[in-house]
Each structure stands twice: as structure tokens, then as C-alpha cells.
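My questions all concern the structure below.
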Amino acid sequence: MFYREAGQFKTSYTADMAVFPILQDRIGIAVVLVIAAVIIPLFGNDFLLQAVMTPFLVFALASIGLNLLTGYTGLLSLGTAGFMGVGAYACYKLTTAFPGVNVIIWIVASGFVSAAVGVLFGLPSLRIKGFYLAVATLAAQFFLSWCFIRVPWLFNYNVSGAIEVPTRTLFGVPVTGPNSLPVTRYLIVLAIVVVMTWLASNLIRGRFGRMWMAVRDMDIAAELIGIRLLHTKLLAFAVSSFYCGVAGAMMVFLWYGGAEADVFNINQSFTILFMVIIGGLGSLIGSFFGAALIYILPIILRIVPAELGVPLHAATVEHLTFIIVGALIIGFLIIEPHGLARLWQIGKQKLRVWPFPY
Amino acid sequence: MDLLYKVFIDPFLQMGGAPDLLVQTLWDGLVSGILYSLIALGFVLIFKASGVFNFAQGIMVVFAALTLVGLYEHGVPAYLALAITVVVMLGLAFSVERLMLRPLVNQPDIILFMATFGLTYFLIGLGELVFGGDPKVMIASELGLPKGAIEVKMAGGFVSLQKIDIAATVIASVMVASLAVFFQKTRIGRALRAVADSHKAALSVGISLEQIWVIVWFAAGVVALATGIMWGARSEVSFALQIIALKALPVLILGGFTSIPGAIVGGLIIGIGEKIGEFYWGPLLGSGIESWLAYMIALVFLLFRPQGLFGEKIIERI
Amino acid sequence: MRAPSGGAEIAAGDVLLAVENVSLAFGGVKAVSDVSFDIRKGEIRAIIGPNGAGKTSMLNIINGFYHPQQGRITFKGQTRAKMRPYEAAHGGIGRTFQNVALFRGMTALDNIMAGRTLKMHRSFFWQLLRFGPAVAEEVEHRRFVEEIIDFLKIQEIRRTPVGRLPYGLQKRVELGRALAMEPELLLLDEPMAGMNIEEKEDMSRFILDVNDHFGTTIALIEHDMGVVMDLSDRVVVLDHGVKIADGTPDQVMKDQAVIDAYLGVAH
Amino acid sequence: MAHDAAARADTFAKLLIRNADLHGARTAMRHKDLGIWQSWTWADSLEIVRAYAAGLHRLGLRRGETIAIVGANRPKLYWSVMAAQMIGAIPVPVYADAVAEELAYVLNHAEVRFAAVEDQEQVDKIQSVAERLPKLERMLYDETRGLRDYDHTRLYSIDSVIADGRKALAEDKSVAEWLDAAIAAGKGSDPSIILYTSGTTGTSKGVVLSHERSIKAASDTVAFDHLTEQDVALAYLPLAWVGDHYLNYAQGMVAAFCTACPESGDTAMADLREIGPTFYFAPPRTLELLLTRVTIRMEDAGFLKRKMFHYFIGVARRYGERILNGEPVPLQGRLLYGLGNILVYGPLKNVLGFTRVRTAYTAGEAIGPDLFAFYRSIGLNLKQLYGQTEAFLYVTAQPDGAIYSDTVGPACPNVDIRIADNGEVLFKSPGMFTGYFKDEAKTAEVMTPDGFVKTGDAGFFDEKTGQLKIIDRAKDVGRLNDGTLFAPKYIENKLKFFPNIREAVAVGDKQDFVCAMLNIDLTAVGSWAERNNVVYSSYQELAGHPLVYDMIEKHVADVNRSLAADKMMAGAQIKRFLILHKELDADDGELTRTQKVRRGFIAERYAPLITALYDGSKEADIATEVTFEDGRKGVIRARVKIRDMQTVPAAVEKAA
């Protein structure tokens, strides 16, 4: 309906292969970015920034990470939280070991550490497929969260066994630690997430993306057109874990401000898997939708009764949330197994051919 | 050098040094192994008959146990509570089939797998909503399960066997045996086996897919209940169990997703393996390795036999 | 389009690939036993035979998906015992499958682009930024792929996920993917299975065009004798994993063993 | 403005150079190829055409010789035209779908030594008749595919010719100098192209046009429709048709607008949407097809959407045209229309690819008022024009703001029109042809002593609008006994605009009054029958049904009313009509293969009915032999009812 594609034609392959070939889409994304980068920071209160947007973005990035592995390469992983943890702890070690270097550099750098770990646990993926692989990743999950508890070196031998995020500054402005402002942290998270999403979209539209999807759709055929399965899968593990690692680091440094091993437990992995599946396997935008639904929905569920003045026990709300989310997951899978991304696609298509139905 | 000694020599010396301890450890491993097997059994039942990887099996265990205890706490006599719980599990099986499986029929496995995740959440929420989140004590004695332990004198020492564990072993064995009979001898059982191969086959036996799903989910529910009671009696009824239930996965890896004997053998291997590992090697790594050892065992095992213990080699065709 | 890349240069008419006394068995079952034949550069070589004659197994051996227990395979002058499929691809062996093996989740365009993987070399770094060389490379190969699309007349379905395409078109896209590899030897496993007359004619034309347009050597499995007669220069006949005849189409057609074999299966 | 300068450039070659100077960097041509719109600027085009021209000359093409152009709309074929014209040769475009027979005739008659064709198909076609074309020496082709192993002694790829010319130009200055000289030597009076009229009437004739006339005519209409180098047109009409040569080639050259060539015939629709032209031409048939597609697709839409769609289309019918014509419209009308524009018209035009169209024309046959109104009401500035090859298309065209579905507009700038006594339209225009190629006799035939051209169409100027109305082919126009003009086609068209009426045959020449024999449209009337639970088992039964007669009678009454509206026709109202018991069918020779009624044949075949129509009887028996699908012959007998009609006094003015 809002689309006016007549006269939008492509005279070069570069233009034809653009992320948003349609003008109206480019406008749309621009609007979204402005809202996220200007409106929200200006008018959003701390709760929105601190407890809604920042976590949402962090989860979105983690979901993208997992989506690259599960959605694009078809490798089911239940170790996401583990890899996130690696990122977080790596960042902690690095920034405490080299306080001089800016923490944001470390946040990103820590991704490499978890990438390495990811490759390590990805090795079995050559021989193992499907649920079997999922179990292999469970090994990673449990082993890693065990490490976070049992290897004191990781948390600098704190008696608490937890990691405390030290205050670090950028241009004199505190960006991490207790006296950093939510808005500052939000903006940093936003910046990182936007950039990394862009990079991810570059990857999946290019040669590697096609290699991943080829392996996902038909590994035998992929091998016969000259794709080395192990290389490809390991690369997927590396990139995926990198994203998860950065997400983990951001989670601790720019959201929680401190964490215990338990943050990165198996349930966290499941949560992110939900986000990916509900959002849509093999879709970046889906990762955002999924994160929004799974993370923000419970928040709303918690707030609404209170706002309506319905006297509900906090615990009760908690339980209800569980029930509703559970039901929603099943419901969504029934309505649209391909996730919110597909719904989005369909809706968009309808707008493009409006007023026609197809 | 010293490390090598610690890893490869010392533990075995210990075993030889204190055989009674070894036996004790083996026994403990055996018992927890049996419980793993029971959970795995639940997975297998459902996977075999409906190809669904039921992630919710673990929570079903908790849910069953919670219901049982919860009912009792509300003044329902133990055995009646038991009966009611069975009915509840039947109801669960029905609603799962109606509200979840039927609408999702013919969807890819991963989707059904995810759906059972949803079910897990739902049951957690429901369980906590109805019976509260705090751990409960299993009404073992009320159900006539033995208490206390018997000291057996052997291997130059004493091995203490918890009566409840013995009971667990017995009940588990009985349950497995009866399931085996059910699968081999009864018409439905054969149908269930058939459906694993092809749905048409099942229909030819004159049982609709829906019925079969209800049956297997109910069976899995009953197994879950039994598991819940055993486990609850040994420790307590809490949602932590759900995580422990994940141990069933490595068990399945070893045993294969469709083999009942596999589930049993796998369970024992895992159970004993991790106890031994924890007891003799754990200290080297700062203990607690139980939490992941099982998965590592499975992982290493997979690298050499991707198709599992009892699965046969897959020839890829194109 | 550019000439096929890599490998020792072989003049037309010379032996491009030689299969010598190859045997393959699964467990006890013998799929191929002691088969020898060769494929000359630039020819269209048909492999025919009743069902279960081991034709597909033969192709799988040639492009390294199965590893024969005995025998040797010489490709472009290099004899090799064991080879991974991707090595075969590097060597210039393209392949289509009996029951289409496309990447169902991807569009026709991406499927064919995937066929270019081997030809693309821009580093991960450039890919990540999708900038400069990476884009240049992507465009260059897109152009090449578009020529294939034009060649196969599948412009309309460029952006359609192949999963939604009718069977005939899927086969075409798969051929396109194989062509994108610029193979020296193209293995076609029943390229016309399940097609109607019209589609078969188109496909035959495409195969011939490929053969003379790009000078690609082609080995194909086909049931439709008419097609085999029209297309192939030489035919090798397998039956129960054994070679029973080898020669020009009409020689083979006259061969008694062949006739028996076919009568044998044509209950 | 482009067209002023055009006056100075008197040949297309000079125009091309002028465009390269004025708009060198602007896009001259686009072609959807290999997935994207390949584009060439005017500078590119000039460079290519120069090289091509040099190449052609080196191949031996000389001034005054002819070169056939066969194929779909593709840049290389357009360049072939330009290149040939550049060295003074005369391009002869031929319909790509022409059968070998016609092709042979034209190529032979035009004495072509060269042919530039699209692809293998055309090469094969020409080679199949090669022995009948002794003069044909060389063939050039665009698409290499499949031609690889053809004998290339007389066959060249256009690319190779261009490359060869480019090389020559680069290496040898004298070639360039020669070329410049050749361009300079081109005179406006030289023939620019020979367009062969499709042979509906006898064998086709080669209409010769000259550079300056074509350019003059194009300049006038470019000014008339304010076309500029900003405009874009999609070239999807046959190259060999005067329409394409005028609208896209000549106007494109004069206005220097961009001509876009679709990927292929079947993708034209999609390509139209992508390129979003600003100038658009479509024959009524195409527009009708489009509208049917729209309606069908909307049928599948959800209930609410459908309701909304129809509601706003209604709104458009009420206000759309008046808004387009800049007439006063009540505010709430404007608001509703604005809303509709957001919800329906805008998106609809977008999906159809009309969003950017500033000027659209239709011509060729009479267009139904509803059809015409639909497109105008959704804001497409659709206009009518009238013309023919001999006039280089334009004789009349409707100016913005004065649009009527039943007229074709006033005379174009600088065109004189005269109506002969027999009602035939005569014209004299800047763009008119110089004569038929190698056919003085025929040329003389169609020219009047004072230099007017006979169109062969009968028409008159409508008082109310002052615009020309074309009523029929002049030879078909007859007179009633009282001398009133009787134009069967005109009446039949009016009847056929009703969806319920499939075919109509009007009789009345040398009679006292006009009668009509009708065919109902089985699908339209059939669904009407369902809605009104009228049961029927066959076409014959339905056709004879009294209720159907009642309905058709209303339509005929409407037609009479509109005939009464203009007094030229008022006398020729339908007094009696009947509905034929069988559908007129090409297999029975009642229609031509192009679905035109064959009056003479029908007149004798249905003689009994015609007599009955005039002897006043209420019904008549008829037996007709028919051919069934399987080729068997059979006889249908029927008793056909006849209805009398009231005629409307001419004085009554129909509300416009």
C-alpha cells in the first residue's frame, strides 16, 4: 500500500544486490534507526533504557549469533549461554589485566576468545548431526558453566565467586561500572549491535552465507560443488560464538554490571534458542522480533496487572508469565512454524501487491 | 610426571586399596544410572512412536511428583493421590495430543522439539502456580516405600545400601520388563513399534495415530511419575530435577533414541561412569565434574560411533 | 564464457577420465564389480542399464562420494586412490542428481551462485565489509551466473526459492548450478527423469548446447533410449554392476547381451 | 526545448548528434538484459551507431539501398535503424512474427541486400525462403545463441560489425571523415524508412517516409504533449508498426527521451512496472485485458478489501474524470477521492506500472466508454488519437482536458482535415508519406489532386466537442433509402460495448430502416441468468428467453438514445432486432480469423431472417449448417423472435 515500486529499477548488480533494494524500505529502516538512536535516548526513562532496550539489544545480538549457526548453517546448538559466558569472563580478565586499553575494545576482542572456544566445541560437528550435535553442545554448556564456578582464576579469586564490573571511561565518560549512565551504555550497545548486524548481513549475502545455507539445505550436494564441510561448519561456529561472546560481554559489562556463573546457565541457552525459533530461523530481522517477543513480553505481562491495579502476587505473576510464554511458543509454532520473520515477510508482500491479494 | 601419576595410577590404586568404597560408588552409580534410564525411557517411548524429541520429559517427572505430593498435602490420602496423579498424567497426554501434536502434525522435527520446550515452560509455570515453587518432600513412606539402609559386609568393609534404592532398582526393572512385554506381546505395543517405521502400518493395525500419541504420552507420563517418586524419595521434589533430567540426553546418545535396552544400558554406563569419575578423578579438577562428565563421555563416544551403541551404520545415498 | 579452469591441458578426443577394474560393495552387496571404461574429452558419454545396475554408484565413485574397494580412476592424467568430493569439484567434475539435490531454502539465483563458490577467493575480511574487492568479485560472478540464467531461459524464476519450483525447472536450475562450476566433466544423473516430452526436448537441447557451447565433456545416465540415441557419442551399458557392452549407440543397441538385459527387466 | 533545435537537424543522424551534444550524459536507451537494466547514454549511442554505420558501409551497404530489420524491440535493432539512416540507407522493419511467406514478399519487394535480425529463429526463417531473395547478400544477427556452427560466410554478428567499424574509425582517420561527410550529405527529403502496412487489404504496401517530414511531425506532437528528455517510454510495440516507429523512435529522437526495451514479450508487464514509463501507449485490447486481470485478481481478495475497492472505484467514477479534467468538484468529493488515491488508485496504478505516466494514448479501434472511463477515473491521463501509417500515425489527437470516449480529438497541429461528400476523411499533414514504394499507381489512388490523402475511413466532426468521430470504413458506409448515413460498424460497436452483447450485425443499406442481429455473451448473460434464476440448457434456449430479450431491448434502447444524441446518426436508429440462435463462429466462416464479422456472407446465410426483419413478421424460422468442434457438420433449426423498438426523436439531446 505504501510501496511505490513503479520506476524503481536497477541498472547495476551492486544496486540489485543491495540490502534494501526498495526505497520505501530504506526510508523505514532510517526511521527506525532515528527512533532508536535519538528519540529513545532523549525521551526514554532509565527503566526503558536499562531494563528494556539494552537487554533487548543484547539478546537480539546473541540470537543473531545463534541464528548464524542454527538458522543459516543448520547446526543446532544448546551451548549459547556457555559461549556468552566465555565472552563475559574473557572481557573481565582482559580489562582487569590491561586496564589501560579501552573496555569497548575488550568487549569486542573477547568475542575472539569465545570464537576460539566455539571452534573447539564445533569440531565434532563434522561427524555429528541434529540432536546428537545438540547434546555435544550441551557438553560445552555444562563444561563451561562448570569452569565459571570451579576456576577461580576466571573471576580473579573473588570470594563471592562473582565478577564485579570495574568502572571504565571513554573520553572521560564512564561507560561501565556502577557510576555509568544507562543512556551511555544503551548507546554503546546500540552502536555495537547495529554495526555487527550490518556485518552479519554482509556475510550472509555473500559467498560464506551461501556456503552456510548450502550446507544447511543439502550437505552432500554442497560438498560436491566444492564446499569443504568442516571448514564451513567451523567458520559458522566461530562467527556464531563471536557474536554470542560479544553479547555476553555486553550483558555483563553494559547491562548487569556484574554477574555470577549462574547467569550463563542452560536456561539462558534455551531462552535464546526460543528467540531464534520464534523469530524465524535464517532471518536476521527475525532475531530482533524473537528477542522482543520473548524478553519484552514477560516484562509487559508483569507491568500490565500492576498498572490495571489487579492485586497479584509477584510470584504468581512470575508463574503466569511462564505459562503464557509457554503457551505462546506453542501457539506461534502452530500459527507460523517459520516464525515472526515469515509473518513479517507475508505482511510486507501483501502491502507490495496492494490492493491485490497476491 | 606427577600429574600423569595422579591421572593414570593413583585412582586405580585407590580402587584396589579400598574395594568396599569402589563397590559403594558402583552401587550409587548404578542407582542413579537406573533413574537416568527411567527418564531416558520416557524419551524413547515418545520418540519411538511419534518421532517427537520430547524435551518436556524432565519437567513431566517433576510435574508428576509435584502433583502427587501436592495432592497429599491437600489432604488426599496417599494412594488416592497416586491414582489421581495417574489420571492427571492421562489428561496431560490427551491435551498435549489435542492442543499441540495434532495442529503440528507433519511439521519438521525441530518444530515439534521446540513445541515441547514451550510445553516445558507451561508445565513449570502451572506446577509452581498450583503447588508453589519451593522443594517438597516425597511421601515415600506413605506410599509404603522402605526407609533406612542395610549394611552389607563385603570386600573388607561395609557397603550401605539404601532400601529405597533397592526398591527403585526393583521397580525400575519391573517397569522395564512390563514395557518390554507390552511392546512385544500386546497389539497396541506392536502398533507402536509399527508406527515408528511407518504411520500406515499403524493404521493397518487399526489404531489411529491420535490414539497412539495419547497412549505413548500417557505411558511416558506414568514412567515420569515413577521416576519422580524414586528421585523425590532419594533427594527432594524440586525443579532442579529438570536440569538433572537433561542427563537423559547423553544416555540417549549412547543408547540410541529408539532402543529401550539401549536406554537402560546407556543409563547405567552414564550413571556409573560419572560417579566413578567424580569420586576418583573429580578431586584433580576441583570436583563437581559430575555436571558435565556425562556429556563429555557421550561426546567422545559419538566421535567414534555417530550412530550410537545399537544403531547400525548409515550409508548415505544420493 | 571462459574455458574450464585447472588441471593438465587435454586435447579434444583424448581420454579425460579412465575407470579401471573398479569394484564397490556395501557390506556384502556388490554395487559395481570390476568395471572399466573411459570418457574422452568433448564427448557425450551415456551410462545406461536397468535399475540397480550400479549406474548412480558409478557416478558417485567418479566424483569421490564413494570409495571403491578395488580399481583405479585416472582423471586428467592423475591417478588417484581416494579422493574427497570437494577435491573432485576442484578438479573440475560437476554433477546433477537423480532426485534433484538443490538447496531448497535458497533462490534459484543463490543456488547457481553457490556453484561459483570455488571460483570466488575474496577473503573473509572483505566479505565482512562487503566492500571493494568483495563487491567487485560478487558482481563479476553474478554477471557470469546471469549468462547461465539467460542460457537456460530461467529469468522469471530468478528470485523464487527453488523449493516452490516445478520439477522440470528444478532440474534446469540444478544444471545451471553445475554449469556455474565451469566443469571439465559434467555428470548428469537422469537429467530427464519424470519430465514430459516438451521438457525433455528442451533439456536435450540444453545438454547439446552445453556440450558445443562450452565444450564440456558430459557423462549422463538416462533411461529414455531415444534420448540416449540422439545425444550420446558413446554408450557404456551396466547390468547388476557389471559392464556388458560399450560402444556407439547403434552398436550397443544391436548387442545381444544388452537386449537380453533389457528384456530381462522389462517384465 | 528539444523540438526547436529539432527543426535545424533535418535527418535522424543529425538529431542523434544533436542529442549527444545537448544530452550526452542522459540515458538514451535501456534494455532489461542479464537481470538488470543495461543502459546507454546518448553519447554511447552515437559512438556505437557511428561504429556500426562504418561497419555496415565496409560490408558494402550503400546510400539509397534498403536493409531489413527483423525482430523484437532491442537496442541493437534500433541502432541498426540509426546506423543505416546515418549512411543514407533505408531501413525496412518487418514484423518479427511475420510468417516466412510475408517476410519473403516484403524483403523481395523492398529489394533488400542486407538484413539485421534478432536471433536464430529469424535467421532460419529468412534462410528458408533464401532462394526467393536473390538480392539478399548479408545477414546480421544480435543473439549468438545456436548460430555458432552456422556457415558464417554471409552471416555476421552485429557486435562484430560494430567492432569492425570501431576499429576502422580508430585506425584510419579517413573513415571518420568519410562518415562525417556521409552524415552531412543526408538531406531532409531523403526517405528515412519504409513501413509495410500489414496486409489486411490485399498485399501490403511499403509506405515511404522522409526524414524531415517525420521529424516535423514528431516535433509538433512532442510540443503538443510537452515531452522532454526527462521522459521515459517502454518500447513494447512491434518495431515494424508505425506506432512504435513514431512514438518511441521518432519522438524519442526529437525529445531525446529514454527508450526502454523489455527483457522479452512475456515479461513486458513486469518490465513496465519496473521502468515506470512517463509516456505510454496501449491499444484498447491491451487495456481491456489489463482491466479483466484487475477484476479477476480482486475477486480473490478478502471481503472487506473487495468492498473497499468497489466503493472507491465508485467514488472515482463519480469524481475522478472531473478532477482529471480540472472541473469543479465538491470538497467532500475531493477528500473521498484523495482517500481513495491513498487506498486504491495509487497502489493500483503502481502495481500496473502507471504511477509515473503523464501522457497515455490509445488508438486503433473504438474503445468502450466504461473501459476508457475506468482508466481516466483512477487518474491515468489516457487520451485517444487517430491516424494511419500514411500519415505517420498522427491525424488527430485529444488535448489534455478535452477527452471523450467516442471521439478521437481535433486535428493535430499543422494538420488539415477535410470530409469528402461520401463522408470519407481526408488529411494533409507535415508527416504524411511521400508515396508507396515502387507503386505510383496506388499512391495516385489515395491522393487527391490538391495533395490530400484519403484515409479510407468515414467520419464527421461532432458539433458539441468539435472533435472528429470515426464511424466506419468508408466502403462499408451505406445509406438508408431516405438518404440518412448508415455506418454499421459504428452502431455495432455501440451495441458491443454492452458486456451482454458479444457480436452485432447491423443491416440497413438501401433499406427503409436499420435492424440488428445480435449474439449474447454466454458468460455474461449466463451469470446474469444464474443471479435471476433463469434456467436454460443451451445457448439457443438462453438466447430465445423472453427475459433475455427484455434485457437486450433495454441495451438497444440505450444505443438508440445515444444515436439520437448526434443528428448525423439520429436517423439510423435500430427499429427492429433479433437475437441469433447460434454464436457467430469463424469455423462457419461468419467471422474472420481476427473475429471481424463478414457482412456479405452473413447477409446471404441469414437471408430469411433479414427478410423477416423487414417484412414485419414477429418471428422467423431459420436452418443453418454448422461445424462442430470435431469437424462434423450438422444443421441447427430454430424459430427466432423479433422485437420492435421505439426510436428516439433526434431533437432530444442526451445529457453529456
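Each chain carries a letter (A, B, C and D) given by its place in the written order, and its residues are counted from 1.
Here is the rule we go by: a residue touches a chain if its C-beta (ideal position, glycine included) is under 8 Å from a C-beta of that chain, and two chains touch if they have at least 3 such contacts.
Small disclaimer: the values here were computed from a predicted structure and weren't measured.
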| item | value |
| --- | --- |
| Minimal step count in the chain contact network, chain B to chain D | 2 |
| Chain pair with the higher count of C-beta pairs in contact (A-D, A-B) | A-B |
| Length of the line joining the C-alpha centres of chain A and chain B, rounded to whole Å | 32 |
| Cα-centroid distance, chain A relative to chain D, in whole angstrom | 59 |
| Chain C and chain D, separation of their C-alpha mean positions in angstrom | 49 |
| Interface hub residues of chain A, defined as touching at least two other chains | 12-13, 16, 220-221 |
| Where chain B touches two or more other chains, by residue | 316, 318 |
| Two or more partner chains touched - positions in chain C | 65, 97, 101, 142-143 |
| Chain A contact footprint on chain B (complex, rising order) | 53, 99-100, 103-104, 107-111, 113-115, 117-126, 128-129, 133, 243, 246, 249-250, 252-253, 257, 285-289, 291-292, 295-296, 298-299, 302-303, 306, 316, 318 |
| Touching residues on chain A, where the partner in the complex is chain D | 1, 3-13, 15-16, 353-358 |
| Complex contact set, residues of chain A against chain B | 76, 124, 127-132, 134-136, 138-139, 142-143, 145-146, 149-151, 220-221, 266, 270, 273-274, 277, 281, 315-316, 318-330, 333-334, 337 |
| Touch list for chain C against partner chain A, complex | 63, 65, 84-86, 88-90, 94-95, 97, 101-106, 110, 113-115, 117-118, 120, 122, 124, 127-130, 134-135, 138-139, 142-143, 177-178, 181 |
| Residues of chain D that touch chain A when the two form their complex | 30, 35-39, 273-276, 294, 297-298, 300-302, 305, 308-309, 342-344, 346-356 |
